[in-house]
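Both complexes shown next keep chain A, but they swap its partner, so chain B is in the first and chain C is in the second.
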Partner chain A sequence: MTHHSTVGSTEKVRARRRGSRKLLAVAIAAIAIAALGACSTGGAAPAKTVAHGCGHGATNLTFWGWPAGYNLAVSEFNKTHPDTCVKLENAGASTAEYVKLSDAIKAGSGAPDVATIEYFELPSFEITHSLVDLSKYGVSSVKTNEAPVAWSQVTQGSAQYAMPVDLGPLALFYNAKEFKDNGLTVPTTWSDFATAAATLHAKNPKLGMTNFDPESTQDVLALMQEYNAFPFTYTGGSTIGINFTGTAEMAFANYWQGLISKQLVTTAGDFSPQQWANLDSGANAARLSPAWGPVGMQLSIKNTIGNWVTAQMPQTTAGGQLSGNWGGSSLAVVAGTKHAKQAAEFVKWFGGSADAWKILSGPVAGAFPAYVPLLNDSTFQARTLKITGTTTPNTVFAQAAQHMVDPQWPPIMTAAATQWTSTFAGVTKGTETLPQAFTTYQAQLVAYAKAQGFTVTTN
Partner chain B sequence: MSRRAKRQATELVPAHLYGLRRGTTPVLTALCLLFAIFVLAPLVWLLINATKNQAYVYGSFGFWFAGPFRLFQNIAALGQDISGAGIFVDWLRNTLVYAVLGAVGATILSALAGYGFARFRFRGANALFFLVMATLLVPITSLALPLFLVYAKVGLVNSIWGMILPSTVSVVGIYLMRTYIEASVPQDLIEAARMDGASELRIFLRIAMPLSVPGLVTVLLITVVAVWNNYFLPLIIFSKNSLYPLTVGLSSVSAAAESGTKADLVPVLITGGLVTVLPLIALFLLLERYFRAGALQGSLTG
Partner chain C sequence: MADQLAQAAPTGTSLRIRRPSAGPSRTARRGKVRQWPGAVFIAPHMLMLGLFMLVPTVYAIYTSLYTTKLIGGTSFSGGANYVTVLQSSQFWDGVGRVLLFGVIQVPLTIALAFFFAAIFDAGIVRFSRFFRTVFFIPFAVPGVVAAVMWSFLLLPGFGPYATFAEALGLGKLNFFSSQLILPTLILIVIWEFTGYNMTILYTSLKSIPREVTEAAIVEGASLWRIILRIKLPMVMPTVVMLVFLNTVGALQLFTEPSILAAFQPQAISFGFTPSLFVYNTAVGSGEYNLGAAAAVVLALIIGLLSVAGLAVRRRDGEFS
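On to the complex of A and B.
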């Protein structure tokens, strides 16, 4: 090898010199860019945080949150509350934020004063004593202003661990034109729903009634609530109930597997391009949609604008009014904060005041309230969207918000969701059935919970 | 015969002289073409869909233009915080800073370490080198929590140095530089320089480094790409979106686009993806010559 490189002709040396000169140029350019970047980083960073109306001597609160439009509500709070200055930071959405939050709590530094936490994740933070009990700060007086399902998810006995913000009650969102063209009436029970799906499919095998994504944990668990088949029980402490193989749960699994096997429903991923294309082409005549769904859907379709009408979810028993909850989040005050009182005041305002909701339900944030005065507000209920034509989805969703089961989330939802995706992938592929996946998942989750030191009940 | 034609004639050696059977070349060409399509198709898709609005991204053929031409609005949206997740332009600037400082640092350190391993005999040299190599085997995910706890102690959480400092260590870079210097900086030359009284630093800077330019550029490129694409480290250490690099920023826009707001986020995400890959492509085209030379050298002697 020495031999090879000592034969360097003059030409080679010259080429190398040219090379190194060019490299130098690149390096200089790089350093210049770096310097430029460094300067602007230093200059721009403080301006990023929302800090309007923050006077000298105001108490500073750090608030982690990701939903759109929260910055506007924070600005409004700072403007109207000169003694407190809230700085909003986006530390990632959902699980990304929870990982950071629990890391920061373990490290004992870097945790915010207030954090956005979805309802299902609250018990995981409660059990590690990471959240401040707000009942000590007079926040519980807002109880009568919150939808019962939201209230039950933020409380454990007399302790209140978070302030509810938004909710995602389910309703049936259907393509009225496609229903009419195929002579379908709006199904009020699940058995009607299956019959309608069969009728539609018989007319045109390309048409499916709706989409069911077996791999979407929160979607399936919301549908299970609505089916009165929620598999978890938990009331704090070290005992968890897990029951995916009970009568109601298995009936749910068999019902949907029946529709999947006969190809009466599609199994595209939630929010995948395929799902939007199916809704817009008629391959899906309906969507089992959470209240925040239509808002996101309106920009993703173009052919069926104006056709979408909202109705109550099909029921397990005729005359029922039950709905399930998919999504929504709360604001929790993180233990270790030096300003619990001010933080409590902030979260109370954020989730439970007309001023905040004017912004949160506005065009940028588009959140669906757990805040009862707004749910009952006639202007709110009368809102229309371009895709819903002259119909008013909020009327139905607001009604649904008052008729929901209280899901008791176990403090193991992060692991449960991770395991779910891998266990249920086979249902989408057709290599296993939904009841089989339920049975497997039951065993996996019970084993996991026991390994974590929980006492597990299975009935 | 023109010079160009002559050159072509000498370069085009008939395939059968290589021992290839007749017909093999078209098959290989076709395979390469297929691979090229496989690699380029996503880029073409990005380019085309960056011109659409959300409904047309979902509802029209992916490999042709449709709907209103929205490219400029989509690009303009990159400068605004429309998702609540942050501003793309900030992330682009952050990524540039992290990549340039990290990669330049990694190249310097790799050159120093590689030169040391290649041209100095010292006690424990092999053991040390294997220790360096062995760190390649530790999965970074298993280090997440300890890394964060240490970072929190020394104040590197939410600091740009928390991103840049670890990026200046590149095990692959050290390995490449060692191999490259062994091949292209003759021991005799170093000995001769020592005889003439050159200091070790001078030998390194004036003899070893000029002979290693293709190797240096290769390491620079590899580390720029590594920092550019690094997702895990910034995800752990940054909780302020104004510090995010492109990878974490785009994934937060993606999360925002999924849960559905009123903003037209998907086309912005696509446009952002396009803008993210362009600088890397430009860098490769610019430095391709050195990169090829460096990579080949490594492969012959490694």
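On to the complex of A and C.
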């Protein structure tokens, strides 16, 4: 249970379908247990945080969000903005929330004024005209305060469909002691990375360089961004580009399949007890970690606390600085709200104010900011964690946040993620290769997109 | 339940006997008077049945005839969704899987349930009331909780059972591998439902008149002979009904695999069971129309099996 409560408390798995499903399962379990307990106490408390201190006559806003610590930021907003009263409701994490949200929008009632939406899901709501264009409410003025990639994720042309909150830039998080003991230098290119993995494996066949979970949609797609092999293109409208079989994409698939076949990397499920055990026993010497990763990781390992050092991701070309994004979410104002102006004011404050970020980057929420003043803040960059000893991970992650590939998500990501797990399961089991899975998935997704009426380009 | 049935029978008989003495007009009037309380009593049930069964079913059939696209909106598509479902290998793989699941799980569950019901009924076990309660507890545990609990118990590498299997020299057992996932689900479902089936069979066994057993003992029949040759045939209608109920349940298998999927996504595919196919198509992929068509096809399959089951029960003389 430790592992799951860890995931739950950090809420960092929001970027991942499986993570959120896991949360859902744990939440269901928790609710069930609470309900059993409630037999004697007379009823479980509703999963609702009603803000305190809302005065009479204040405009009421409903806000759907699940990440940890959001309730604290909402209370702060309500305290400092007496004219608006935000009520935070947890309508489930990630996909669970999106299903409810799109159903409520279709039904024409029951939708909130504001909702947490991950970047990859925004186009799915944009295409159904479900989000309010915030550029009409003066929110665009905060553009310079947001990391360029985050800003690009929430905008389509001149329209702004959400306010960025957090980000998940990738970095190489490695066990410095294990590297030193095995005479490894920190790899700066993917080719160095494979060489180092082979060296490590030759010294001890039980050791793998890192973990690669083929079934983890968002993890693989983040790594593909960083590899300059992102398979999707979409700029609004009815044309989608899907290309899992292009040169760069196949190079990516072949690279990782090579490491998997030679057992230089493990294929445990992301956030599974097996993965944490591998990281703690040395069976994995490194983790390709998003910025929000270390906080949760240090609660799930014990033997290697203090050994972990952060470095820039290995690059496809020497001297590059690219990073990919895994996770991160935004706040969108839902079309049909009667209080778009107040809602816009709230999301602007939530994602783009020092007051909000004081709470959001704090110990409870632990979000990694897309908010540039904090990214550049020397105190923020100098923070250390138990797991990192005296080294400062935020220095590297903040740098990575400024050099991220801007992925264009297609408006079919829910279906894409649903089909992904089944299609890629064979790679973990060893019954198919990653390039084969890419080829199968390409055909599936193109067929789905065409069935949905899209024009599909595949190059 | 058996006691109530036993009391109901004589009352009915006495009514039938009394009726002829009353005039025909009186009978008719009484009949009319009697009809409306009956209607009132079944009204809530019929209302719920209508609201939560009939209306959604009709709506599902209606929805399944249309296709909604993200680009292009909704249009009538006739049987196109049905063609897609009928041609989907994923859907039929799921149907095949639940049939295989049912063929193994249903007989095992009922055999185990009968075994325990019979030994408790025979009174050869002490504290049988306590054990009956213990056996029934898994049924009281919601399926979701059971699935979450088993996910932890069977966790590869870390769960107590995997550790135990390794200590026994069975190597690193992965209960969620493609070979073992179906046996694992069968295990979980048997654990959940044996107690429930046992309780029904126990009640049924208890309703067998004592004299029958006593006569058999006097004739020198052994315990197992009494159980297998005398009691089992007498509770056969109950067994047939349980086979039918359990089979329908097996075909609708959803909760356990969908919860396991959250812990072991590689073990449970998109269309692992037909119900999961319906759910993943509708909710996971946003293809509600296609999901509705798959649900209708699944309902037809279960309907056909139900009709076949009824035919068997009628042949056996359970209904006139």
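Operating definition for what follows: the second predicted complex is superposed on the first by the 411 of 459 C-alpha atoms of A that agree within 3 Å, B and C clash if a C-alpha of one lies under 4 Å from a C-alpha of the other, contacts with A are read in each partner's own complex, and residues count from 1 in each chain.
Operating definition for what follows: a residue touches a chain if its C-beta (ideal position, glycine included) is under 8 Å from a C-beta of that chain, and two chains touch if they have at least 3 such contacts.
Keep in mind that this is a model prediction, so the values were computed, not measured.
Look at A:S94: by the touch rule set out above, it reaches chain B but stays clear of chain C. In the superposition on chain A, A:G293 makes contact with chain B only, not with chain C.
In the superposition on chain A, no contact is made by A:V372 with either chain B or chain C. In the superposed model, A:W64 makes contact with chain B only, not with chain C. Contacts of A:A425 after superposition on the shared chain: chain C is touched, whereas chain B is not.
Looking at the shared chain after the overlay, A:A277 reaches both chain B and chain C.
In the superposition on chain A, contact is made by A:S238 with chain C only, not with chain B. Of the two partners chain B and chain C, more residues of chain A are touched by B. Residue contacts after overlaying the shared chain place A:V149 against neither chain B nor chain C.
Residue overlap on chain A between the chain B contacts of one complex and the chain C contacts of the other covers 1, 26, 33, 273, 277.
Looking at the complex, you find that chain A touches chain B at residues 1-2, 4-6, 16-17, 19-20, 23, 26-27, 30-31, 33-34, 37-38, 40-41, 44-45, 48-49, 64, 66-71, 89-94, 96, 100, 103-104, 106-110, 112, 271, 273, 276-277, 280-281, 292-293, 295-303, 327, 363-366. For chain C in complex with chain A, the touching residues are 69-72, 142, 144-145, 148, 151-152, 155-158, 177-178, 259, 261-267, 269-271, 280, 283-287.
The touching residues of chain B, when paired with chain A in their complex, are 53-59, 67, 81, 83-86, 90, 93-94, 96-97, 100-101, 104, 144-145, 148-149, 152-153, 157-158, 160, 182-189, 210-211, 213-214, 216-217, 235-236, 239-243, 248, 251-252, 255-256, 258-264, 266, 286-287, 290, 301. In the complex of the two chains, the chain A residues touching chain C come out as 1, 18, 21-22, 24-26, 28-29, 32-33, 95, 99, 102, 127-128, 215, 238, 269, 273-274, 277, 411-412, 414-415, 418-419, 421-422, 425, 428-429, 431, 448, 451-454.
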